[in-house]
Amino acid sequence: MAITALIIFSWTLIGIAMIVLSAYAVRHYYLAYSRMRIAHPRETNELVGFVMPRITVFVPMHNEERVARDVLQALVDCDYDWELLEVIPVNDRSTDGTRAIVDDFARRYPFIKPYHRSEGVGGKPAALVEATVNATGEIYLMFDADYVPGRAVLKMLTAPFLDPEIGAVMGRVVPHNIGDSLLSGLLSLERSAGYQSVQQARFNLGFTAQFGGTVGGVRAAALRAVGGWNPESLTEDTDLTFALLLSGWRTAYVNRAECYEEVPQDWNVRRRQLSRWVTGHTECLHNYWPDLVRARFLTRGEKWDAIFLLAMYLTAPIIVLGWLASLVLFFVPEAHAVPVLPFAMLIIGYQLFSNQATFLEIGVATLLDGTRLRALLMPLSLLNFFANTGAICNALRKFYWNRFWGSGGDGWYKTHRTRPGSDGKGFGLNQAPTGAARQSLNGLYHANSEGMGD
Amino acid sequence: MLFLLYSVLFLALFYVHFFLAHRAWITIRGKRSSELDMSYVRLEDYFGQSFRRKLKTWLSTLPAASNSTANLRVYHHGQERIFVAPTVQYPSGRVEKEILVAEGTFACGNNCDFRREVMVHGDCSIGEGTSLQAIAADGALSLGEAVTIRRWVDAAGKLTIGADTAISSRATSRTAIEFLPGAYAQSLFAPEIATEGRNDDSPELSTKIGPVLQIPHRPGDSPQAQHGFDPQKLFSMGGGTYAYEGDLDVTTPLHLRAPLVVRGHFSCAKESLLEADIKAHRNITIGPASVVKGNLVCDGNMLLKPDVYFQSILQAGGTMRLSFGVRGLREKLPVAAHATGALTLESNIVINGKVSSAHRVIAISTPLAWLQTNSARA
Amino acid sequence: MNPAVSTGGRSAQRTSIYLHRSVRSLPLTRPRLWTALALALAIFLLFAAYAVPIMQAHSDLANVLLRWAGIPNEGWRPVAIFPGLEPGSGPLVPIPTFNQVSEGARFALILSVVALLIVARRFSLFRNLANFLIVLLFASAIANVFFDSFQLQSIVFGQIWLRQELLVWLLMPFVSLLLFMLPQPKIAVGVSWMLFAQVYGFLFSVLRFVFCLGVLHYTGLLFMPLLWFAFGTLSDLLFLLFFYSISVYRASGHLWGVRSSWQSQL
């Protein structure tokens, strides 16, 4: 009797796992397939430079003396009209040389207006809440301090706002430190798949992209409409995405607005980063799913897509439960006595079928990006998959434990920086040209034949 | 023992599945990715300028070949040859496989074929039916009828694109582009782009117009649906932007005062004033002689009827058609029109900026008879 | 040095425009899609129709390898696979019970756990997988020690294996369709990869099966769950990934064609 109950319970768990994971697998296969075949991705690249509202660029900083010069110099060198540009480095209670660096730039460039914060709730969202008060731009763009935007990125991120339905925009982050550790190399594959395949596919299909809080922006009016930044959220970016979506605003994705980032090279750092994302995401799921179901502005497909997006981290414990249920059945001789087609199918199905979808996305992304050698790392991605699954399960366990007991969760945690900074030389890759940057017709014509990179 | 051997072989085979990944990792280890071009900026006339820059570098660094003469200098650049002459004049039917540089003017007859790029420092005239790879001119450039450009065209002076000319990529000019019927390109960019039959007389506006509908409506306005607008379907998204559920076909002149997202088709009657941005989830049709100050974005097709004056950006997820007499102009910044499908320009269109299409931009002739029956004045 | 910076190409054409964006989509034409679907269906139907002979071939090949590897086999017995299908064959390889297992085997278990712990500690990326494998080992040890009734014979293991692998062979054409056929610029290359993966899947299954039987024969049931997981479905996923990575690597070169010089070296 007990054994029978155990078998039935295990089958039920596996059945649930199969349904959920198959649904995700179908979704990911479809996204990868649609990404492969759409020859004209939804983009505003042809209109870059024609949409020139006044913008404010926020750069939250907390003890960023190693990298502050790079990001500020990169913003100075961007080809956006300085008359329409405002840069607000948000110095959030730094105790190192960040303040001096920021003030130095402010002295040299009138459009750089630092905001120094010495008290208040910690964390990026809280700092942005305060810094936004005096911003004058119609569009707010955000870059984390360790990012170095290319010259065209500001214009690229601004272009989608010609559409009044667009409330936020997200660019693409490209890992730069791919060789620092095997983890960072594998994360570069994960990022490629996430942006080049999934974000672009979802945007092509008319779903809202996900705002990531950096290399992105928000319309000031839309931000005010949804009540501003949520300082209590660990993932204020995800929170904003869905707050906007529920009010009828969309988030655009700009694949070509690429910016290097430093991915964690150490698993402990990665685990904490994942933990924050999992907690924030799941929090958003709990906060928004009822409204998403009832949302008047969304089609059924859009609602499903949004819920799938928010619930994606829940697949990890479902996989683990499925495995454990399989293990139980494995040890129960009675389970082997019957030709349990569903048993075998479920084992196979969700392990083989659904996992492949993720790797298909990686492959599609590497094909479109032209990053050949990294494609060969895919077998090692299995390790990353297992590592992520464990970390996500642990993060969810803590989240629901805290939620159940009403205790506080993880606080804001700044991802550890590893890049040493290049003293404003822009990653040491290209020397951004200076002077003669404000060309005719607002930078759309080549002013002269010198100095423009290929 | 045998099984031990088998195990070793099997595990070696198992490792093979990781071998390439391992080797790839060893290659990547310690390196940083560098595929992003941090100095990239989007320039409309990039192709032409890049070509000019490269040519300038080659001509300044390469020695002239021994068979050069006063009238023709030859340079060898790898497998290619560059011919440089003071002026160039080709008869009809000529085929050239070299990169050509004319230090003065360049002219060719009909049905020539230039397999490589052409650089002209003066004015240039291309005969009918000629094919070119790409051409850059520092003076005026006139392309005859049915010319084929396999890549791009760039002119510092006026660019005339003859009837039925086909340009596969961009056409740019720093002065003006005249775009004649039957011609197509992927994009055009110039301070002024004009199609045939330019007539700068202002359209006569109606002496009698219907009641003007304001969106968002004013507090005293009727809450009843009228003129195709139902106030019950209008919602605020916050931030001064509104959404309208369903199709919005306004049958009276519309004065739009705030950004609007229409979850269906949008159309407005003639002589409307659209002061804010509009997004439609389906098609957009703008009535004749309307003034559009905001951006127009639609997921479907867009039609601007005759004599519409737009001052910002048009973007269509489907096709776009700009009718006879449309004008696109604004201060400080160029305007732009982009369609994922075909973008059709009728006669008497003047746009200061850019028109582009993921498919092609086509100029067509508007028949006089059609004009007489369909003009805004009717 | 940014590879995007031109060093002066052979021709007046740019050597790079913007590396990422030159390949906008993959050539998913109708002939390609129909070919892929037809081939996937054909392989599926072939394996479905000839499931029994294929399973028999699997057993025959396994038999040869068992002899070669010196693993005793007392014969093959019919085992039910799925309803409606004729029985397959399961081997009768002696698998000692927990009490019969030699000290060496128990020592091997402890050594495995220690090794996995060391690997988990040393390589953080491997930690979760190692922990899961340790869980499998402990679960197996507990089952063996406290549940005498848990005595899976090799014939049952063979039954599980064939069920699992048959489903993999049936599902694989459709997975291969997406992985190999669609992204490949050349249809013929995609077809080759699909067929190769199918055949390799069959052969690799035999090799793994024999290895697992050997380990079970010498160490008992302790390692059965771990073997089934690691060398079962996970290995199916592994070899598909391995081939897919190579396929993508090669396809990338062809897809970018003359623009391959624009590709990242990494």
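A, B and C are the chain letters, set down in written order, and residue numbers restart from 1 in every chain.
FYI, a residue touches a chain if its C-beta (ideal position, glycine included) is under 8 Å from a C-beta of that chain, and two chains touch if they have at least 3 such contacts.
None of these values were measured; they are calculated from a predicted model.
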Q: Could you let me know which interface, A-B or B-C, is made of more C-beta pairs in contact?
A: A-B
Q | Most remote chain, CA-based centroid, reference being chain C | A | B
Q: Could you tell me the distance, in whole angstrom, between the mean C-alpha positions of chain A and chain B?
A: 32
Q) What whole-Å value do you get for the distance between chain B and chain C if each is reduced to the mean of its CA atoms? A) 50
Q. Out of chain C, which residues touch more than one other chain, so two or more?
A. 2, 4-6, 14, 16, 18-20, 238, 242, 245-246, 264, 266
**Q.** Two or more partner chains touched - positions in chain B
**A.** 17-18, 20-21, 27-28, 31, 33-38, 40, 50
**Q.** chain A, residues touching no fewer than two other chains
**A.** 40, 178-179, 182, 258, 369-371, 373-374, 376-379, 429-430, 453-454
Q: Would you mind writing out the residues of chain B in touch with chain A in their complex?
A: 17-18, 20-25, 27-46, 49-50, 52-53, 56, 174, 187, 189, 191, 235, 237-241, 243, 245, 259-261, 263, 276-279, 294-295, 297, 299, 312-313, 315, 317, 332-336, 338, 340, 353-354, 356, 358
Q: Would you pull the chain A residues touching chain B in the complex into a rising list?
A: 40, 42, 44-52, 74, 79, 148, 150-152, 155-156, 162-165, 167, 174-180, 182, 185, 188, 206, 219-226, 247-249, 258-260, 296-297, 369-371, 373-374, 376-380, 426-427, 429-433, 440-446, 449-450, 452-454
Q) Which residues of chain C touch chain B in their complex? A) 1-6, 8, 10-12, 14, 16, 18-20, 65, 68-71, 207-208, 210-211, 214-215, 217-218, 235, 238-239, 242, 245-246, 264, 266
Q. How about chain C: which of its residues touch chain A in the complex?
A. 2, 4-6, 14-26, 28, 80-83, 124-129, 131-132, 136, 139-140, 143, 147, 149-152, 156, 159-160, 163-164, 167-168, 171, 175, 178-179, 182-183, 225, 228, 233-234, 236-238, 240-242, 244-249, 251-253, 255-256, 260, 262-266
(Q) With touch defined as at the start, can you tell me which chain B residues reach chain C in the complex? (A) 1-3, 5-7, 10, 13-14, 17-18, 20-21, 27-28, 31, 33-38, 40, 47, 50-51, 54-55, 57-58, 77-80, 99, 116-117
